[in-house]
Each structure stands twice: as structure tokens, then as C-alpha cells.
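Two complexes come next, and they have one chain in common, subunit A, joined by subunit B in the first and subunit C in the second.
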Partner chain A sequence: MGWTKKILRVDLSNGSIKSEPLNMQWAKDYLGQRGLATKYFVEEVDPKVDPLAPENKLIMTTGPLTGTAASTGGRYSVVTKGALTNAIACSNSGGYFGAELKFAGWDMIIFEGKSAKPVYLSIEDDKVELRDASHLWGKTVFQTEETIKKSHQDPQTRVCSIGRAGENGVKYACIVNDLHRAAGRSGVGTVMGSKNLKAVAVRGTKGAGAIKDPKAFMAATKAAKKVLADNPVTGQGLPTYGTQVLMNVINEMGALPTRNHRDVQFEDARKISGEAMKEKRPTDGKTHLVTNAACFGCTIACGRISRIDETHFSVVNKPEYWGASGGLEYEAAWALGSANGVGDLEALQYANILCNEDGFDPISFGATVAAAMELYDLGILSKEQIGIEAPFGSAQALVTLAEMTAKGEGFGKELGLGSARMCAKYGRPELSMGVKGQEFPAYDSRGIQGMGLAYSTSNRGACHLRGYTVASEVLGIPVKTDPLVTEGKADLVKAFQDATAVFDSSGTCVFTTFAWSLADLQPQLDAACEGEWTMEGLATLGERIWNMERLFNNAAGFTAKDDDLPPRLKTEPAKTGPAKGLVNGIDKMRPEYYKVRGWTPEGVPTKETLARLGL
Partner chain B sequence: MGQRITFKLFATLQDYLPAEAKKTNALVLDLDEGTTVAQVVERFALPLKLVHLVLIDGNFVPPAERIGRVLKDGETLAIWPPVAGG
Partner chain C sequence: MQKSLHIDPNKCTGCLQCEMACSFENHGVFNISKSRIKVFNFEHAGRKVPYTCTQCAEAWCLNACPVDAIRIDAGTGAKVVHEDVCVGCKVCTIACPFGTVNYVAESGKVQKCDLCGGEPACADACPTGAITYVEADWTGLDKMRAWAGKTDTQPRAA
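Now for the complex of A and B:
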């Protein structure tokens, strides 16, 4: 069956915990994880709810392949209304927490209300209870995980938690599991903090059995693993260099946003690249990169584990940061580095560790620092206001601001607002580089046109993981398209968005799609899950999920005006590289996209579209 | 007259660069006039299955054009094996 067919409903206001049967009709229409949890969410929550009100709910959810033998089947997601965006949020994480939740016998947990005091949820199979977390409040993610594991006397307990950022209301706080994997974007950790929920600790011993056709499933997962192993990207490229190999690629292509998108190429890109991470440092003769790492069940192993230079100014006399730790991944390296013009690899890793340690999204944080540095450059913010000189390129400013944000001190409180609120506060809202309140990731849409449309229409605000047309426009997966033109991008973006929604609902990782198509996922789902799972059905399911999220956002108050880019990307041409002289053609692509989607010119799904999708 | 170009190899392909060029992933090359992308690839004995993403001044050169694409003075030729990220 894939699913355990049981969900937990936890009312934090009154402390009640209930087991409910999974709605199997919804499971057939929305699969699991992102799709299924969003279905529950939109059925139960008023779209206009304040994200930080007790009436907002927060759902932790697995997919039918989570915890199974499917490669990368360790994913879980957090669905809520995002604190950063006021839009539907779904943040996806790897590590081991998701599989453990499945092993304990639960498909998802729905958190409602707000606890009067800090609590954490303890799950040991069917034994589920809310426990006092007063002693954990004020603690970092690292401290929280360690403390809970010790008190449970079980090192195999898996923990997801918020750090001080989530407690302090940083708008882009994450929920971090297994020390350095995170449901990172849109402020899902902020919502968790608003509920006084510090952590979830789970230990499961039931396994993830009950597969519909075990023999067919083993054959399907084996074949799919061979596809990953034989593919040069997932078999060799990602394990060797990780996502960070993109730093030089995107820089050469003139699509690396630099200094708050003032530039599209960074002169120090190589210094913070995947190649640099594998070089021996002159100071200690060691490489920054220690090893690669895999999440539960993953046969790709793209993760990076690095060790910071002990002599670096950021960690001198701080031995607690000298050990091997997660990162750098491309997005964090870009946001903490190129976005701010900082070319100091060790400083980036230190800031990245702080993001993991106290649970805040390095993309939104780094991009907000970039906006602050531009405000400083323009004389709108002073050294006195920020607490430090903050010119573009200052590694000292970056690490100091990361420390301030982690602790909720000084100007860190302003940075914790995110770039949209911060820039609006200082009278320059146009300097926030994002969509729907969420900061852009690491691709400049003047050099990769399709990403402008993907960002603008992403249901959770600017995001690369909702429709990664970089795969096609840069890497030629599945087919190469020209990154500098707008033609054909409406169809391309829709195709990526719909397929991604299926992968995000399955329990597998979207990185499999560098090698897998839906045709590789479908046999695994069909063997695991009761019912009939066809290619056609899955394609429709992805489109159904996309439109369901869109309807929620429309009801929350979003309109076509919100499917737009900041003026800089529409009026200030790229200065260098292949895209020199180009702006993003969003105004041309958007109407085409609405048409391809079967939406009105105002961006509203038509009755015919909704009927076709069963919405 | 010869052509002077910048030649860059990244990821696992950087093993094919001389030691001093690995620090920057880049090498300045003086080429005979009319030298093509494919001829540079051959000169450095790059395994063809690793010659995946080929950019000249950041613009993609499709596989079919690599045999005939002549490098011009001042251009940058950059090559990657199959890679991806996110």
C-alpha cells in the first residue's frame, strides 16, 4: 500500500493527540507528502489565516515511498501557510527523520492550535505524547537534538527542531532534522515556533512494509537504481562535486546573481566553488571538503560534509565549529557568497553552520544581507544602524550579521524580517530581490529566462525547486533549450512544475529527475501503492496539485500582479556575459503561461480546467 | 596569425590541465588560425564522453557544431563533464 494509512492529529492548545485513518480517496487523488498534505491543509484552513495565528496548521508529511527501498526514499515535507510569504508553503527535507516517522507507523502529523508553554512531541511507534520543552527553549538545533537523544537514551531517535531563529520569529526560520538537513524555505520554522512547538522526536520499529506487490517493487526499485547509477550526472557528477559544481557553470553563463543582482557574474566565483572545496588549503594542508554524504536510502549521495579552517578569523577560539559539518551546497554558497560579493569560502561555511545551528534559511538570509549591503552602499543604512561596516564583499560583516540573526540581537532583528519587509521599512521595497516575499535562489533570470517565469509563478514564492528549468536551459536535461529566449518557456515551466509536484508527493528526491522521468517513478509507485498508477494519471495528478495550491493562494489574496519580478530584472539589463543587454521577458511569458495552464488572463483557473482536473 | 584564447576545464576534467593551471581552472592557449573546438579537445586528450557541457564565452556549443566551430582570438572555451546541481 505504501501508506501506513494512519495520521496523527495533535491539538497543541488542549494537548489532545488522536490517531485517524488516512483519507484514501484523497491519497488516490493526491498521492502523498506535498500533494496529500496540501489537500488536508486547504480543506481545513482558512486561506486568509494569519500564518502565526493558532488557526494556522502545520503538517509534517511523508510520501508512499518514504522509508521504502526506493532510492532517495527518505523525504518528508512540512506544509503550512508560510510566515515569510503568506502563501501556501511546502518545504521538503531529506536526512532520516521522514523514514523514521514512517517506521513508527504514521503517514503524517497535523499540528493545530498553540501550546501555552514550550513542548515537544515524542513518538515511539504508537506511544505518542507531548512533553515539556522549557529546558530546550533558547537552545540551538544542535543542543536540542543532543539533549533529546540523551534523555530518550536512544541514539537512533530522529529529531527535527527549530533553533533560536524559529523561537525569535525570524520570518525565514527552518525546521532542521539530523543536524543539517532542513525544511528550509518560506518560514515553516517560524510557524512551528509560533505554536511553541520546539521539536518532534521519533523512533519507529515497525518498518515500512505493506507494499502492494513486493516482488514487482523490488524489481522496479532495482531497475530505477540502475538508471541513477548509469547516469553520469547522478552516478558520478553529483556524488563527486555535489551541487556546488554549478558555481562556475552559472558564473560562466552570466547568470550568477551578484551584489543583490546588480551584476550577473562574480569575479571570485571560483574561490567559493565545488572545485575550491576539494583543494588543499595553504594554512593547514587539508581540503575544505571532507566527504560526500547520503540521506536515507539515497544512491546518489550529493551531500557535502566540510571542515572549516581552524585558523580562520570567524572560528578562532571557537573549537565547537572545528568539526566536520554539513555544507556548503550551491544555494547556500551563492546566497552567502556571490549575492553579497563575499569570496571567502571559510566565512561562508561558518555562516552556513550558524544557519543550520539556529535554523534559518541561508538563501533568504544571504539575500537579505545582500539587500542590507545595498542599502548601506546607498547611504540609507549607516554603520551605526547595522552595528558594523557592511560594504559588499565584507566577510566580517557577513559572519557578524549571521551571529546577530542567530541570536536575535541588534540588526539581526531587522535581517530576520526578510528582504521584502526590511526594504519596505527603509523605503526601498524595489531592492528586495524576490517574488511573493521570498528571496530568489541562485539563478539570475536575465541569463536563464525560463527561471523568471518559474520564480514568478511558483506557489511558494521565488524558488528553484518548483520548476527547475535550469536542467533544460543550462544542463540539457531532458533536452537542451536556449536560456536567452522566452519562446517555449511557458510549456517548459508547466511541464517541470507538474512533474516536480509528483516527485515531491512520492517520498523521493527531486534530484533523481536528473536521470529519472515520470516513467521511472511510475513503476515504483504502481508496485508500492494500492490502486492503479498510470503515467497519464500521474501527469494529471501533478497538474491537480499545482492548481490546488494556486486556488489557495488566490483565495488568500494573491493575484496576477504577484506573479511578477522586481523592476531590476525587468529594466536593468545584464552588464556582462551572454545575457549582456538582456532583461527578463516575464511580461511576454506570463500570458502564454496562463493560457498553457488553462487559466484566465487574470491567472485564475477556468471552470473547464478545474473540471478536467477534478477540482 | 595565431589566436589567443582562454581554455577552462572544470570538475573531473581539471585533471587534464597542467598542474599550475588547476588553481584557476584556466589556461591561456595560443592556437593556429582555424583551430576548432574539437581540435582543442583532441589536443588535451579529453575523453569524449566527459566532454558534455561546452561553452564559448558562456554560450552553449551543441555537439554537432564542435567539429566545425573555429575559435576566435579573445574567446573563452569552457568544458564540463556531465554535472548538475540545485
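Now for the complex of A and C:
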């Protein structure tokens, strides 16, 4: 059956902890993880709620394949109303935490209310309790994880926690698990911090056993693993270079946002690429990359474990940063690197470690630094205000600003607002590069047109993981489309968005979709989960999830005008590369997309659409 | 011909497919806390190391067992715990120098790797070849080949 059929409800205001049966009708309609937790969320939470109010809830949730032998079956998600976006948020993370939660016998945890003092939740199978976390408050993610494992006297305990960023109200704070995996975007860590919830520690010994047809399941997972192994992206590119395999590719495409999207190609892209991470450094003769790493159950292993150059200015006399640590992934390398015009790989890795250590999203942080650097360039922000000279390209500025944001000091507090609030504060809202308050990830939509539509309509604000048309427009998966045209992108974006919603609800990783389609996932789900899981049923299920999220956002106050890009991408043509002279055609694609979705011209799902989806 | 599990930590990514396969094979659930093979993650060194029983020829566990519950499988050479005989005294867990025999509170018996009767599930599940099942006399063959490849036998150009 896949699910444990049990959920935990934790009221932080009064300290009560309850076990509830999982709503199996909802499980059939929304599968698990993103879909199922969002169903619980929209049923229980007022869309107008202030994300930081006790009335907002925060759900940690697994999918039916989490904790099974399905490749990448270790994912968990955090669903809440995002502190950065005021929209529905769902941030997904790998590592080992999600599987451990499943092994302890829980499909999800619903946190409600707000604790009067810092606490953490301790789960050992059925033994669940809130414990005092005053000794952990003010500590980093790394310190918190270590302290909890020591005090539990169990190195096999898995921990997710917030760092100082989440405590200090940085709007894009993450929840970090297993040291360097994160539910990263939209400020889910900020919400956790607002509830005085520092961490969740879980140890599970029950396992994930209730597979509907074990023999069929093992056969299906084995076949699907072979598809991943035989695919050039998941079998070769990602294990070898990680997501950083994209740095040079996207730069060549003229779609690597550079200097707050002023440029679409970065002259130092090669220096911060996956290839560069495998080259020997002149200083110590070692490579930056130590090894690749897998999350639970993953047969791709795109994760990067790197060792920083001990002689680099950022870590001189800081031996605590000299060990192997997570990073760099493409998104972090881009946001900390080309977004700011910084081509210093070691500086990026140091900033990335700080993001992991104190739990803040490197995409939003890097992009906010980029906006600050533009404000500095325009003379709107001064050296005195920022505390350091901050021209584009300054590795020193990047590193200093990362430290300030981690500690919540000086200009770090301004950066902690995110680019939308910061740029508005300084009178230049148009310089924030994002949608619905969330900063763009690493693809410039002038060079990859479909991504403009995917960003604009993403339910959690600008995001590459909600409809990754890069796969089609750049890599030809499942079919090659022209990245420079808008024709056909409405259908493409919808197809990616709906399929992705299914993957995000299953417990598997969206990176499998470089190789897998729903046809590879379906047999695994059908063998694991009770009931009948057909291709048609899953396709509808994905669309249902998408529309459910949309309804929540509409009720929260979002309208069609929020499905838009910043003026720069619509009026300032790309200066170089294959997209030279192009802007993004969002205004042409959006009406087509609404039509394809079965929505009104105002972006509201029609009655017929809702009826068809059972909403 | 006897075969042996061969572990190459450099190839391990830490995905734990081996632990899931082991627990599924022996307990019918995906439950890494019941796995007989464990992957250890040395985070600060960036190393992941799978570790399990190496089936010592003269096994401490077997010699220590007071009730002869640990016996040699004639086919595989594995030292196999016979649960119906095991009394759960745990002496074998003390005797084993490597910690690879472990007590299972749920059953009140010990468990250890038994090579799955000659088809180890962990090796089958490993996606990177970090765990393989090879001829016991030649577990070092890959390393020899790698070093042999570095031997300079080409005549140098003048």
C-alpha cells in the first residue's frame, strides 16, 4: 500500500501530540507528499492567513514510495504558506530524513500553532515528544544536528532543523536535513522558525513494509533503475558532474542569467562549472570535488561533496570549513556566481556552506545579492549602507554578505528580506528578478522561452522544479522543441507541470524525469499502492493537484497580473548568444496557457474544469 | 569455487539500496535498521563505506557459540546463524572482532550476513558496483589490474 496510514498532529501552542488515521480517500485522489499534504493544508488553513501567524500550519510529508527500494525513493516535502511568497509553498528535499520518518511509521506530521519557547520534536517510532530546545536556539544547523545525535546517543537519528536564518526571520530560510540537503525555497524554514520549532529528530525501526505486490514491485523498480542507468543524463552526466553539468551548456544557450539578468552569458562560466570542479587546483594540487553522493535510495547520485581550498581568503584560519561538505550544485553555483558576476569557485563554495550551515536558500540569497549589487552600481545603495564595496564580480562582497545574512547582522538583515521587499524598500521594485516574490532560478527566459511561462505560472513563485521545460527546449526530453519560440509552449508547460505534480507526490525525485516519464513511474506506484493506478488516473491527478494549488493562491489574493515577469525580461533584449535581440513572450503565451488549462482569461479555473477534476 | 563479497568504498554513493535489499530479502520489509550490511558515512572526509561480515575462514563467532548455532554452509562457505538453535546469548557479538554479528531484540536471536545462499541481494542491488560477489581467491584482482595499468612497459620515445 505504500502509506503507513498514520499521521502525526502536533499542536505547538498547547503541546498536544495526536496520531490520526490517514484520509485514504484523499490518498487515492492526491497520492501523497505534495498533493496529499496540500489537500490537508487547503482544507485546514485560511488562504488569507499571515504565513508567520500561529494559524499557519506546516506539514512535513512523505510519499508512498518514500523509504522503498524505488530509485530516489527518499524524498519528503514541506508544505505551508510561504513566508517569502504568501503563496502555497511546497519544498522538497532528499537526504535520509524522509525515509526515516516513514520507517518510524508516519506518513506526515502536521504542525499547528506556535510554541511559547523553542522546542524540537523527537520521534522514536511511536514515542513522540516535544523537547526543550532553548540550548539549541542560536545554533547552526550543523551544531544542532550534532548536538541532538549526541544527546540521543544514536548516530542513526536523522535530523532536520533550521539555522540562525530561520530563527532571525530571513524570508527565504530553509529547513536543512542530513547536513546539506534542504527543503529550500519559499521560506518554509522561516515559518518553522516563527513557530519556535528548531528541529525534528527521527529514528524509525519499523521499515516500509506494506507493499501491495512485492514481487511486481521489485521487478518494476529494477526495470526503472535500468532506464536511469542507461540514460545519458541520469546514467552519465549527473553522476559525473552533478547538476553542474549544465553550467557550460546553459551559458552556450545564452540563458545563464548574469549580473541580475543584465546579461545572459557569463564570461567566467567555465571557472565555476562542473568541469572546473574536477580540475586540479594550482594552489594545492587537489580537485575541488571529492566525490559524488546519493540521497536515500537514489541510483543517480548527482550530489556533490567538495573540499574547499584551505588557502582561499574566505577560510584562512577557519579549519572548521576545511572538511568535505555539500556543494556546489548548479543552482547554487549560478545564484552565488554568475548572478553576481563572481567567478571564484572557492568563494561560491564557502557561501554555499554558509547557506547550508545556517539554513538559507542560496538561490534567493544569491539573487538578492545580485539586486543589491545593481542598486550599488546605480548609486542607490552606498558602501556605508552595505558595509562593504559591492560591485558586480566582488567575491569579497559575496562572502561578507553571506556571513552577515547567516548571523543576521548589518546589511544582512536587508538581504534577508529577499529581493522583492528589498528593491521595493529602495524604490526600485522592478529590479527584483522573480515572480510572486520568489527569485528566478538559473535559466534566463529570453533564451528559453517556455521557462518564462513556467516561472510566471508556478504556484510557489518563480521555480524551475514546477515545470522544467528546459528538458525539452535544451536537452530534447522527451522531444526537442525550439527554445527561442513561444509556439506550443503553453501545452508543453502544462504537460510538465502536471506530470511533475505526480512525481512530487510519489516520494521520488523530479530528476528521474530526465529519463523517466509517467509510464516508468506508474508500474512502481501500481505495484506498491493499494487500488488501481493507471496512466490516465495519474495524469488527471497531477492536473488536480495543480488546480488545487491555483485555487488556494487565487483565494489568497493572487490574480492574473501576478503571472508575469519583471519588465527587464519583457523589454530588454538579450545582448548576446543565440537569443540575442529576444525578450520573453510571456504576454503571448499566458492567454494560450489559460485556455489550455481550462481557465478563464482572468486565470480562474472554470466550473467545467473543476468538475472534470473532481474539485 | 568459493565466492566472496568484495567491497570498493570508492564506488559507494551512500544510496543504501544494499541495506534495503538485505532487509527485504531477510525480513520482507524495507527497513535499514534490520540490514546485515551497513553503509557508514564519514561526512567530513567525504567517504562512504559499506561494511558487513567477511566470512572469516576460522570464524570467531562460530567458535564462541556455546550451542553450535553458527555453522558453515558447505555451498557458499558462509557462516550461517541457525535461528532455531540460537539462544540469543550474544557471546558471538563479543567474539567477532568486526562487529558484524548483531542481536535482534525483536526475535531474541542474532543475525549476520549469510550471503543469501550464494546470491547476495546487496550486490545485486548496488547500482555502482561498490559491492560485488567475486571469486574469493581474487578479491584483489581489480586493484591489481588498476596498478598493473600504471606499470610503464612502453618503450620510451627517445
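As a convention for this text, the second predicted complex is superposed on the first by the 615 of 615 C-alpha atoms of A that agree within 3 Å, B and C clash if a C-alpha of one lies under 4 Å from a C-alpha of the other, contacts with A are read in each partner's own complex, and residues count from 1 in each chain.
Following the convention adopted for this analysis, a residue touches a chain if its C-beta (ideal position, glycine included) is under 8 Å from a C-beta of that chain, and two chains touch if they have at least 3 such contacts.
It should be emphasised that the depicted structure is a prediction, and the values quoted were computed from it without experimental measurement.
> May I ask you to decide whether A:Leu417 touches subunit B, subunit C, both, or neither, giving the answer as first, second, both or neither?
neither
> Go through the superposed model and pick first if A:Ala69 touches only subunit B, second if only subunit C, both, or neither.
The answer is second: A:Ala69 touches subunit C but not subunit B.
> Applying the document's definition of touch, where does A:Pro214 land relative to subunit B and subunit C: first, second, both, or neither?
second
> Name the contact category of A:Leu465: first (subunit B only), second (subunit C only), both, or neither.
first
> Which partner does A:Gly254 contact after superposing on A: first (subunit B), second (subunit C), both, neither?
Touch status of A:Gly254: first partner only.
> For the complex, give me every residue of subunit C touching subunit A.
Subunit C residues touching subunit A: 10, 13-17, 20-21, 23-24, 27-34, 43-48, 125, 127-128.
> Flag every residue of subunit B that touches subunit A in the complex, lowest number first.
My answer: residues 8, 10-12, 14, 23-25, 49, 52-53, 55, 57-60, 62, 76, 78, 80-86.
> Under the stated contact criterion, what part of subunit A meets subunit C in this complex?
Residue positions touching the partner: 67-69, 71, 96, 99, 103, 156, 179, 204-209, 211, 214, 218, 225, 229, 239, 290-299, 301, 303, 305-307, 323-325.
> For a test of understanding, state which residues of subunit A touch subunit B in their complex under the given definition.
Interface residues on subunit A, with respect to subunit B: 231-234, 236-238, 240-246, 248-249, 252-254, 270, 274-275, 279, 330-331, 464-465, 468, 471, 474-477, 480, 482-483, 510-511, 514, 577-578.
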